[in-house]
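Next up: some structures, all given as structure tokens.
In what comes next, chain A is part of two complexes: it sits with chain B in the first one and with chain C in the second one.
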Partner chain A sequence: MAEITPNEVGITDFALREHRSLWYDAWRRLISSNTARLGMFIVALFVLSSVYAHYFWPYEPKSDLDYSLKLKPPILAPTEEIESAHYFGTDKLGRDIFRRVIHGGWNSLRVGFVAVGISLSIGGLLGLLAGFFESTPLSSREHIFLHGLIGAVLSLLSAWIANQYFQAVLFAGLGAVAAIYNRFLAGKPARFLSFGLAGAIFSGAPALLVSPYIALVCAILGALVGVILSQPLGGQFLSSIIMRAMDIILSFPGYLLAIAIVAFLGPGLEKGMIAIGVVGIPVYARLVRSVVLSVMQKEYILAAASVGEGHGRILSRHVVPNILSPIIVQTTMGLANAILSAAALGFLGLGAIPPEPEWGAMLGDSYRYLASGAWWAVVFPGLAIMLSVLGFNLLGDGLRDALDPKLRII
Partner chain B sequence: MEPLLKIKDLVTRFYTEDGVVHAVNGISYQMDASETLGVVGESGCGKSVHALSIMRLITSPPGKIEGGEILFDGRDLLKLTSNEMRHIRGAEIAMVFQDPMTSLNPVFTVGFQISEALMLHRAMNKKEAREQAGELLTLVGIPAARQRLDDYPHQFSGGMRQRAMIAMALSCDPKLLIADEPTTALDVTIQAQIVNLVKRLQEDLGMAVMWITHDLGVVAELARNINVMYAGYIVERGNVKQIYKYPSHPYTNGLLGSLPRLNEAPGTKLVSIPGLPPDLVALPRGCPFAARCTYVVDQCIEEMPPLQKIGAQEHYVACWRWEDVRRRAA
Partner chain C sequence: MTRYLIRRLISVLPTLIGVTFVIFMFQRLIPGDPAVAMLGEHATQENVERIREQFGLNRPAFLDREALKQGDWAGFFDSQYFRYLGRLIRLDLGDSIHRRIPVAETLALRFPATVELALLSMLIAVLVGVPVGIASAARRNTWLDSVSMIGSLIGVSMPIFWLGLMEIMLFAVFLQWLPSGSRLSTGIEIKTITNLLLVDSLLTGNFEGFVDALKHLAMPTIALATIPMAIIARMTRSSMLDVLQEDYIRTAHAKGVLERIVLFRHALKNAFLPVITIIGLQTGTLMAGAVLTETIFSWPGIGKWIYDAILGRDYPIVQGGTLLIAIIFVAFNLLVDLSYAYLDPRIHYD
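Let's turn to the complex of A and B:
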């Protein structure tokens, strides 16, 4: 038997293992899941093909018209009769559906990303503020800012009536004064009266230039704003204002609100993006607020405060990185939703303006020819919508599993 | 000598939907520089709330510090602006929390989190801070500390995380370290290591330590003085040896009686204090311990006894019948 010394026994020093971050672990879990890989493949296919088509395969929708090729079924190789191959056939104007589906992908994905970008940035910021200040007292500087903001926003109504927009600045100033002198007559009716009176004068006096009736309406509104500003407003109040506003948006059916916004703004792809984005804001605001509230209960937030970190630092270093995973999942799923909404708007003729290729609009153009047997004009754009939505949903599902820390691979 | 920390009539309350929770009800005491003070009492007696009040980290609303003074190094912490208070936290008073599993941010490396405090208070650059963070981890006894700086918290065990938390707390040489049940979530061998670590660090660095716990054994090992808290009041306060030898409040007596002893005959039943602590929303008019006390007399129900000095040494008790309690205990 060979002798060995203890030094030769192989020991992995566990102190010297590789340093793996949570994100790296999540990535490994993501690529080990079949459905997530399928989702990634589909998403990559759509993204790459539409980006490639947009930059290297020019398409001019306005001049693309050939009645001689009207509603031809798919052919895979050029023949004597038809000189070019049409893999997906042609539509009622003789346009190549394959080309339009690929180029339509650019529009659909663009709507998806921009709309989700709008919802996420606005909704996320509102949710972050609501959740953070619901569980943390405001510092004095934040109090002044909050009062000023509420004053400016609330007074916009009376400023709008009187057509005197500088009133918003006056009310922001009044709010700041109320926040600085929060001990002035604290809790006494005299405080409401003095601030209410100040509000009435600020709002009513300049409106007198327009008409006495408007001045009266504005003075009443101004007095109301003044009374609200005289209250000791806190983070809770900010949070409830934000969340009630979100509830109001949520109380409309999503598509109906989007259609209303497009009807107000006028049709067009960009208007569609804004409409879908606005409809999505409350979803993100509520999600972000709820995860922020749960992260704020964690001891590392208290520990960060106990080493003297300020609000900005706690938000950026401790809150935001810890709420990213549900937001990433929601964003991916939201992309699928936005693509679907864009197609719905396009189908109704409210999204892309006609010759512009867009999946929903293509469906809307062609479904009337389904009865005459032209299935290809409907099936291929429909498949594109279905596959892209499926791809984003599979990826989102995979991300949710991958980012769940309870399933960590050790 | 001027005491490092002097608390006078501190009152902290929580305004909840169920009513006003009287968490801390006018406590006063003082602590010298480099003193170790144990704060003991059962769960929900205001130990942690009073510590968070010192740090001004009470979540508000619903919490509110209603009155009193917290003089730290001659300054009243309750009168500072939130910005000035931020410079005290971490730099002069540091805190270690109960649950090491959640007190480190899971998305950053341990080294990054320790260096962050250093960069914040000591204006170090990244490289110096990292260097110092390595030294701190070595100081708290983490092997191969420099390599472990790049580890994430989930790669640390519970005891190591608590050591890392202590390293973070020590990073700016605080004058006072508040340890809020730092060993409760750890197993016994690790507990002993952490206790010894803090003891050693306290001797080396000469800081004051406030050790909050419900483990009387740990306090006996560490502390010079103890505060026994009950329902938001300090019911007994003084030198550890004095109190363990002559407990003069029936609650302290009960706590000490409920400790298991090595020299007990097998089969002896552990004594427990009957009843539950009072509801902090509706505190009784008199002594809050009266309902569970075997020494109770009419005066206890009518009137809260003041914290009075007994004997020649620093020993204070809030009990009308302390003489009887002491006689019986001795």
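Let's turn to the complex of A and C:
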């Protein structure tokens, strides 16, 4: 009897199949998509050219000035009159626009990357905490820490009024006690009363040294803090505080907040990075929280918790690796948005300080010359902004399809 | 439903207080003394003191603990922030530093120009974006779908100020078809009723004025409409594709219902909910986008005014304008939530 091997009948044995990781699969899906490849190409082009220009193509913006070459249209080859080629023409100070676009990329992309880095690290951390502790009971040590922290923070107001900052330490202690003795008179009005009284004394008594009026206000505030601390404040509380703060930032439309912040801080690339980064925080906090909430419903989290893994380990080994793909997609698209916002700031004169090259600022410098026909000074920097943003958006779209085929709308 | 409405309205209050808090904090971001910022470098010490007194800049930021020490309760709350809130309630946004006129008055005067621009842009964005989205969903993976989706991706990536400049270059400088800058040509007048020029000219039967206003609106509207149009098209497409996979659509097809009726009566109704969300949110965002668009087209709305104020360091205008736009944005978010409660019968809110 002849032996039949799987190969002969064209069946691939699952065990014999070449091993491929999830990320390798995603990579194969990514490079098989035309749009994603185009996006990768554009992004690589901009990143590489600006990095190359920054390190290997010296440019001194402060001394770059030649009025004899003012607002010349693109010249592809040197002529007798003009000794060097200007592929994109020259601007109002006779500066070569091609050179400034390439060098401007370094500034524009840097603002985007740093801003997204700020939003992602702060927003991601807040979202992770909110999502994780909303769906997991706190361990007793975390309870003590959280209560102590809430006590210290809430008591800052009365501590400030009395100018006695040691009160915060007292309330941190009160919070910790409330967390340790969380069964003490649980659910009874006596619990409110005792903690409220303790709070009133902790804050009011030392404040008596300052003035009786201050003591009265401090006692009332202290009693309130005490009552709040007597409640079983869990992860829900932490999460709702974080998310309410995010809602306030989100109630300003997009880059208007960034524009306003920089308008008051004064122009500068670093300030722009911070402003755009702060504005982006809630986007990541919300995204990460919602993804974490869905991951926390999975059986493998339950399994990890039931074999006794600690919260730090569950977070780092099980939660974070499983929320990476939506974050990667959002970060890529966020880069596109951050570059757009940075260009808008630059255009309004709130970004790079001239003569430093930056795409938005270059547009803002030159658009008044459009009426006299100097189209090249406006077309090329704008094209650079649009293409780089398009590149990140294309890449983000491709990454979404590659990383989560289920989300893909065919 | 009523209870939900009331609860939702109350939940806006903390947000609004947060917004005023953030905008109040702007003032503290100004490097140096705000009184000096208002008067300029060469102000005399006397004038600086007078301004500090007048604007309450010598008061503490939030609460006065020194006053409380003496038992002065009114003094305890007499701080910059509470004074700011008190002025806001009286609709007093302060005076412009350079022109010494009330910010609120000018805002009210310039606001209709922005509203006209934003609403017309949104109208165009919906009228183009929704059909394009439906068409690409119905003919998915055809050239029509690819072209419109690539187009919308380019639209999302477009810096609107640059798009505006390109329009000016093409239509105003090279072709000279459309005027750029301001709301009307010189010599044409429209009697002011609502200060929305299109409405006013129709009400007074001023056809020439209507056409002229429309010509001036054309370029800024298209620039401002591009991004929401692209976003709405993408949203409509993906929402329609979601719904088209439902069983009841297959049933409708199996029963032999016309494709047209399946698309518009069965699918669109259910696919429209997320689209409405996007439309609401984008309308709020449009107001912010107006800062850039109005600057390009010298449009006399609040956006251009904020831009000029940023350049002139006229901080009360920046604060007042930002506050107005933020409140409109919050209001649109609220409207979206409320429309959900009304439109989606599956959601019960009490």
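Here is the rule we use: the second predicted complex is superposed on the first by the 317 of 410 C-alpha atoms of A that agree within 3 Å, B and C clash if a C-alpha of one lies under 4 Å from a C-alpha of the other, contacts with A are read in each partner's own complex, and residues count from 1 in each chain.
Quick note on the criterion: contacts are C-beta pairs under 8 Å (C-beta built on N, C-alpha and C of every residue); 3 or more make two chains touch, one makes a residue touch a chain.
Owing to the predicted nature of the structure, the values given are computational and were not obtained by experimental measurement.
Within the superposed three-chain model, A:Asp397 lies in touch with chain C and out of touch with chain B [touch as defined at top]. Contacts of A:Leu76 after superposition on the shared chain: neither chain B nor chain C is touched. Judged by the touch definition given at the top, the superposed model places A:Gly254 against chain C, while chain B stays out of reach. Of the two partner chains, chain C is the only one touched by A:Leu265; chain B is not.
Contacts of A:Ser211 after superposition: chain C is touched, whereas chain B is not reached.
Taking chain B and chain C in turn and counting the residues of chain A each one touches, the greater count comes from C. After overlaying the two complexes on the shared chain, residue contacts for A:Glu299 are found with chain B alone; chain C is out of touch. Shared-chain residue A:Ser140: touches chain B; no touch with chain C.
In the superposed pair of complexes, A:Val389 makes contact with chain C only, with no contact to chain B. Residue overlap on chain A between its contacts with chain B in one complex and with chain C in the other: absent.
Residues of chain B touching chain A in their complex: 55, 57, 59-61, 81-83, 86-91, 94-95, 97-99, 102-109, 116-117, 120-121, 143-144, 147-148, 150-152, 154-155, 165, 168-169, 171-172. For chain C in complex with chain A, the touching residues are 14-15, 18-19, 21-23, 26-27, 29-31, 63, 65, 68-71, 76, 140-141, 150, 153-154, 156-159, 161-162, 165-166, 168-169, 173, 237-238, 241-242, 284-285, 287-288, 291-292, 295-296, 307, 310-311, 315, 318, 322, 325-326, 329-330, 333. Against chain C, the residues of chain A that register as touching in their complex are 35, 160-163, 210-214, 217, 244, 247-249, 251-257, 259-261, 263-266, 336, 340, 343-344, 347-350, 360, 363, 367, 370-371, 373, 375, 378-379, 382, 385-386, 389-390, 393-394, 397, 409-410.
Here chain A touches chain B in the complex through residues 13, 15-17, 19-23, 135-137, 139-140, 234, 236, 298-300, 302-310, 313, 317-318, 321-322, 405, 408, going by the rule given at the top.
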